[in-house]
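Each structure below appears as structure tokens.
Heads up, the next two complexes both have subunit A, just with different partners, subunit B and then subunit C.
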Partner chain A sequence: MVEKKEHELIVSVSPHIKGEESVSRIMWSVNLALLPAFLMSLYYFGPRALLVTLLCIGAAVASEYIIQKSLKKDVTVSDGSAFLTGLLLGMNLPPGVPFYIPIVGSVVAIVITKQLFGGLGYNIFNPALIGRAFLLISWPKAMTIWSESTAAFVGLDAKTTATPLGILKEEGLGKLIEMFGDKINLYTQLFVGNRAGSLGETSVIALLLGAAYLLYRGYITWHIPLSFLATVGVLAWIFGGKSGLFTGDPLIHLLSGGLMLGAFFMATDYVTCPTVRKGQIIFGIGCGAITILIRLKGGFPEGVMFAILLMNCFAPMIDRSVKTKQFGAIKETKK
Partner chain B sequence: MDFNKLFELVVSASLINNFVFTRFLGLCIFFGVTRKMETAIGMSITFVSVMVISATLSWLVFENIMIPLDITFLKIIVFIGIIATFVQSADTIMKKVSPTMYYKLGVYLALITTNCITLAVPLIHAGEGYTLIESIAFGLGSGLGFALALVIMASIREKLELAEVPAPFKGLPISFIVAGLIALAFTGFSGLITL
Partner chain C sequence: MLKLATFERGIHPEEVKELTEASPIVKAALPKRVVIPLSQHTGAPAKPEVVIGDLVKRNQLIGSGQGFVSASVHASISGKVIAIGSFPHPSGRMIQSIVIEGDGKDEEMSLKETPDYLNLSADEIKALIKDAGIVGLGGAAFPTNVKLSPPKEKPIDTVILNGAECEPYLTADHRLMLEQPEGIVAGLKIIMKTLGVTKGYIGIENNKPDAIEAMKKAVSSEESAYSLLPTPYSIEVYPLKVKYPQGAEKMLINAIKDREVPSRGLPMDVGVVVQNVGTAFAVYEAVRYGKPLIERIVTVTGRGIKEPKNMMVRIGTLMSELIEQCGGFTDGAVKVIAGGPMMGFAQWSLDIPVLKGTSGILVLTEKDYVSSEEYLPCIRCGNCIDICPMGLNPSMLSILSEKGRYEEAKEYNLFDCFECGSCAYVCPSNRPIVQFMRLAKSMVKP
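What follows is the complex of A and B.
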């Protein structure tokens, strides 16, 4: 629908202003905004990161092309949305996955989650996240082998280790501080991204850079990311501590895991989040609450992915309930 | 009475072991009434109340009649009988006492008689040996979980009305795919409470 409208001639009264925004422009901007985080992943995880990400992107674009051809629809691979799905999926995978995993994930993301629902604009769930959730359930072992970040071009073999959130869950904050030296060093390393984790999620500073660009361009608004991050921070502070309420460490929860990537680049997906501002704030709060619930009490160390997917289920309902009333409308009374 | 245990039972029956998304029960009603939000809400209200009452009734019969007489091997037939009798009599009584309410919710009562969740809940009590309060909590949790599933699904399906779904997948097939994807999202809750 949207693609067609771009070329339609809309007749209206003057004066006319031609907007510069289009689907492909926004999509490629988001891809551009992810570039710093991608470069950081190359720096820390080496050629393997490049290979995994390229496989994801290639498989996503190819399956979009094939399915659109076979359904006899207009082929829209050049608008960058399949490229973005592939890139996001790649950034969500651990560095050492076998090479069939990115391909399966991309096919699930594009074919099942997006094209079966009618293509861009109609999907209920975020394609990249469904792809990742599918992979995590299907190959739980391969999807949770994390390797230590090294300045990869030195040529050392990567050592496998747990992610900071995994260590926090299994052995507590003390062990984590011991590993990184002191608290300040821990925060700095998390902020720069020198830690084990999915390819693109580690470097907070690179993700924030990209997010700042998107916010500046007005492609995303502050509502979802801010309410998401604030909820995680506050709840981590209240419930995260071992020695009672209000002793948790919010910073470590904010800086680790896929939170920054999720909050700025995946929860804000136009299609799968509520469209009304008030609804977006509810959406963000829900994402944050489920994230912390899974991180602190659940069976998985990281909950951002499931939180966003679960809130995707609720998004149509949120939209219904915060819909603004028409001026002067009265509630319909039933007989 | 351990309040935490009850709370855990409700949460576990409604979210973690949601009947629709993790045990795949009650799918006929789930797909049958979720085409519109209005029917989904009507069904949810009726279903929760039926669940709580039938859980209580079947517990009473199981503990007070079937165990003393040592006829627990008959539990499937007996539970079906109890539920069918209760739902049908509720149907008749409601028609007499409150025709307005019958007009709104009566349709759903007939459907519930043959729902598999209403049978699964008493069978699970019998297997786990819950106390009366626990089995009421479990019935309530299962009902609420089913209601949640109905409402989510109805809101998604109403949105999908506008989507350009490929022709072979229109209607029911895409709904099955949606249900599968929601189930995938619900695996995130696994391991939250271990009972």
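What follows is the complex of A and C.
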């Protein structure tokens, strides 16, 4: 006889097989995709970049562990999402911030933005960006002291400078080109990341490398990054010039600030962006438009962070108004 | 190479057909007893035509279909009716069934053959199919004679035979196409004649090139060139891309005819009737030889089975007997499924019979098994939206159902979902999305 007692059989609902995808696999893949940009931050900003990033990650993971323990929830720190929030926050900080800044930022990101809203899947805003916004508003000075990228040890006495976007805003494109020698060199330096800025945002090539990996794995799609970047490019070209419409330099805007980091790694955050692809295009366009609005007309030189956060508010609404393409949709016929 | 026909979206799970695809169909041992449910089909249950103590022969009618959508059931072995009552059914429920204790003789009731079946009228063919208790063998088990009687306002111009067999592991249709291609083509022609249709297709996923060849050969061979159909008729063997759920009626029609069955509609709304290849063969045997549907091919497979096989099984045979004939379980077998891994039903007992619609018995091991007891909140990655063959938003639907907002779920076309399970397959949060769909469907009126 077949010896299998009834209580030994598992009964559950179909399907009985599952694909290999899991939340932690996705999260760790995104962490991996950020590795090139992280390495470039070490190269340009030295051990201090390592220290700031590790503080962010450590504080994020620790605060997730503590808040989940104290709320008597399952501890999910191994899924890589708190690690990712910490890593992204670190990459969004200036190199020379005092050491309490990464810790406060991570606590705000994880405890308030993520866990108090219900944890992964329920947060409305991108945790790392809320963390950064909180820091920028609370410590505006510390958060806007930029070190020169030196590929050398950066201590507390590191030479400070302005970011390319800051110079563009205050002194114009001419000054920026003058600083970098010529236009080609300016573009090249921006592309490789040899400029002042937040730790992980400067190297476009490294970020694109990571983004290509995520696109290849299917963890992100082109919809948000492309619509975001295209909108920034087009609007910068139309409105970004000093000598009238259609005289702006879209490349400067595309290659500088936190745009690449934001468009590929932060606006694409599953939880806080729309799920329907068509809606993601709307989301990306919105992000791009607000970014340019702030960069050209706002009080800050950079607008990516606020643009994404503002569009996060709209994500649920976009998801409700954009429908998927129903198979066999019955078209309204005139009678 | 031409781009293969298919539908939009879908998934590609590991096929695991190599366990049985090269194994010829073997006859299962004569069962010692059979449990024949009166409801193995979509529609009203059959009414018992025997009482306890009756002696029955193979092929004998023991339950007759009542009402328009129903199907008769027949004795699959000779012996004595020892019980009529509620017995476990693969669906998980208890269903009125007739139990026959075999006498080991396998005596048969003689059948009425129709050698000149080519001259039968459509109504005569439908009557023969009805008498034989034939239902769709692909899984849903819809009575075949009903499917062949579309209302006048739904003209049919195309018949598609479904040989996609897109469920992983299963190879019953594959083997049938290799071993009985002429019979399948003959069945298709009978179906086409009944519907007055001149265009027939046989859709087969491209992972079965030998079946495609065999069916092509059968279609063009002299032997099966019956003068049954009005000329000019055409039958085309149609290779399809390997993608789940390619064998779903709506997806199959979409791939071959580029027509979309309207939401909540039926294939006949776009002029198509789809039949499984196994059903076509059963139709042929019923019309030509008068044979009722008392046996079918079952793939007994999975890494939890010692010797996976394709078996010709008498309807009502208990799964335990078949598993024993396949060498029993391997270490680590934990789950027994009636049907395929994507849409089959997990069984709580092995004393459950094979039905007309049971295409496989799949035994999964601890390694294959994925629990959906623990799942995470939806992280809204959108994977399920990207693959849903019906173009639904399973993410939103599962969240609405989880929150008890069933009426809202209806606005997201809840009832378009045919529970193929692709969404749950790709979900990184391991959410039991199919279960959420079923829950919501049960809570609101369609």
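In this section, the second predicted complex is superposed on the first by the 300 of 335 C-alpha atoms of A that agree within 3 Å, B and C clash if a C-alpha of one lies under 4 Å from a C-alpha of the other, contacts with A are read in each partner's own complex, and residues count from 1 in each chain.
The definition used in the following text is that a contact is a pair of C-beta atoms (placed from the backbone, for glycine too) under 8 Å apart; a residue touches a chain by one contact, two chains touch by 3 or more.
Just so we're clear, the structure is a prediction, and the values are computed from it rather than from any experiment.
K.L.:
Can A:A49 be said to touch subunit B (first), subunit C (second), both, or neither?
P.N.:
Touch status of A:A49: no partner.
K.L.:
With both complexes superposed on chain A, which partner does A:M305 reach: first (subunit B), second (subunit C), both or neither?
P.N.:
A:M305 contacts subunit B only, not subunit C.
K.L.:
According to the stated criteria, A:S22 is in contact with first (subunit B), second (subunit C), both, or neither; which is it?
P.N.:
So A:S22 only meets subunit C here.
K.L.:
Considering only the touch criterion stated at the top, classify A:V271 as touching first (subunit B), second (subunit C), both, or neither.
P.N.:
Touch partner of A:V271: subunit C, not subunit B.
K.L.:
Of the partners subunit B and subunit C, which touch A:L176 in the superposed model: first, second, both, neither?
P.N.:
neither
K.L.:
On the A-aligned overlay, A:A133 touches which partner chain: subunit B = first, subunit C = second, or both, or neither?
P.N.:
first
K.L.:
By the touch definition at the top of the document, which applies to A:S12: first (subunit B), second (subunit C), both, or neither?
P.N.:
second
K.L.:
Can you list the residues of subunit A that touch subunit B in one structure and subunit C in the other?
P.N.:
Touching subunit B and subunit C on subunit A: residues 1, 118-119, 122.
K.L.:
Within their complex, state which residues of subunit A touch subunit C.
P.N.:
Its residues touching subunit C are 1-4, 6, 8-19, 21-23, 25-26, 118-122, 221, 270-271, 273, 275-277, 319, 323-330.
K.L.:
What residues of subunit B sit close enough to touch subunit A in their complex?
P.N.:
37, 151-152, 155-156, 158-160, 162-166, 169, 174, 177-178, 181-182, 184-193
K.L.:
Under the definition above, what is the set of subunit C residues touching subunit A in their complex?
P.N.:
Contacts found on subunit C: 8, 11, 13-14, 92, 168, 250, 254, 260-263, 265, 320, 323-324, 328-329, 333-337, 341-350, 362, 364, 368-373, 376-383, 385-386, 388-393, 395-396, 413, 416, 419, 421-422, 424-430, 432, 434-435, 438.
K.L.:
Touching subunit B in the complex: which residues of subunit A?
P.N.:
Touch list, subunit A to subunit B: 1, 71, 112-113, 115-119, 122, 124-125, 130, 133-134, 137, 290, 293-294, 297-300, 303, 305-307, 309-310, 312-314, 316-317, 320.
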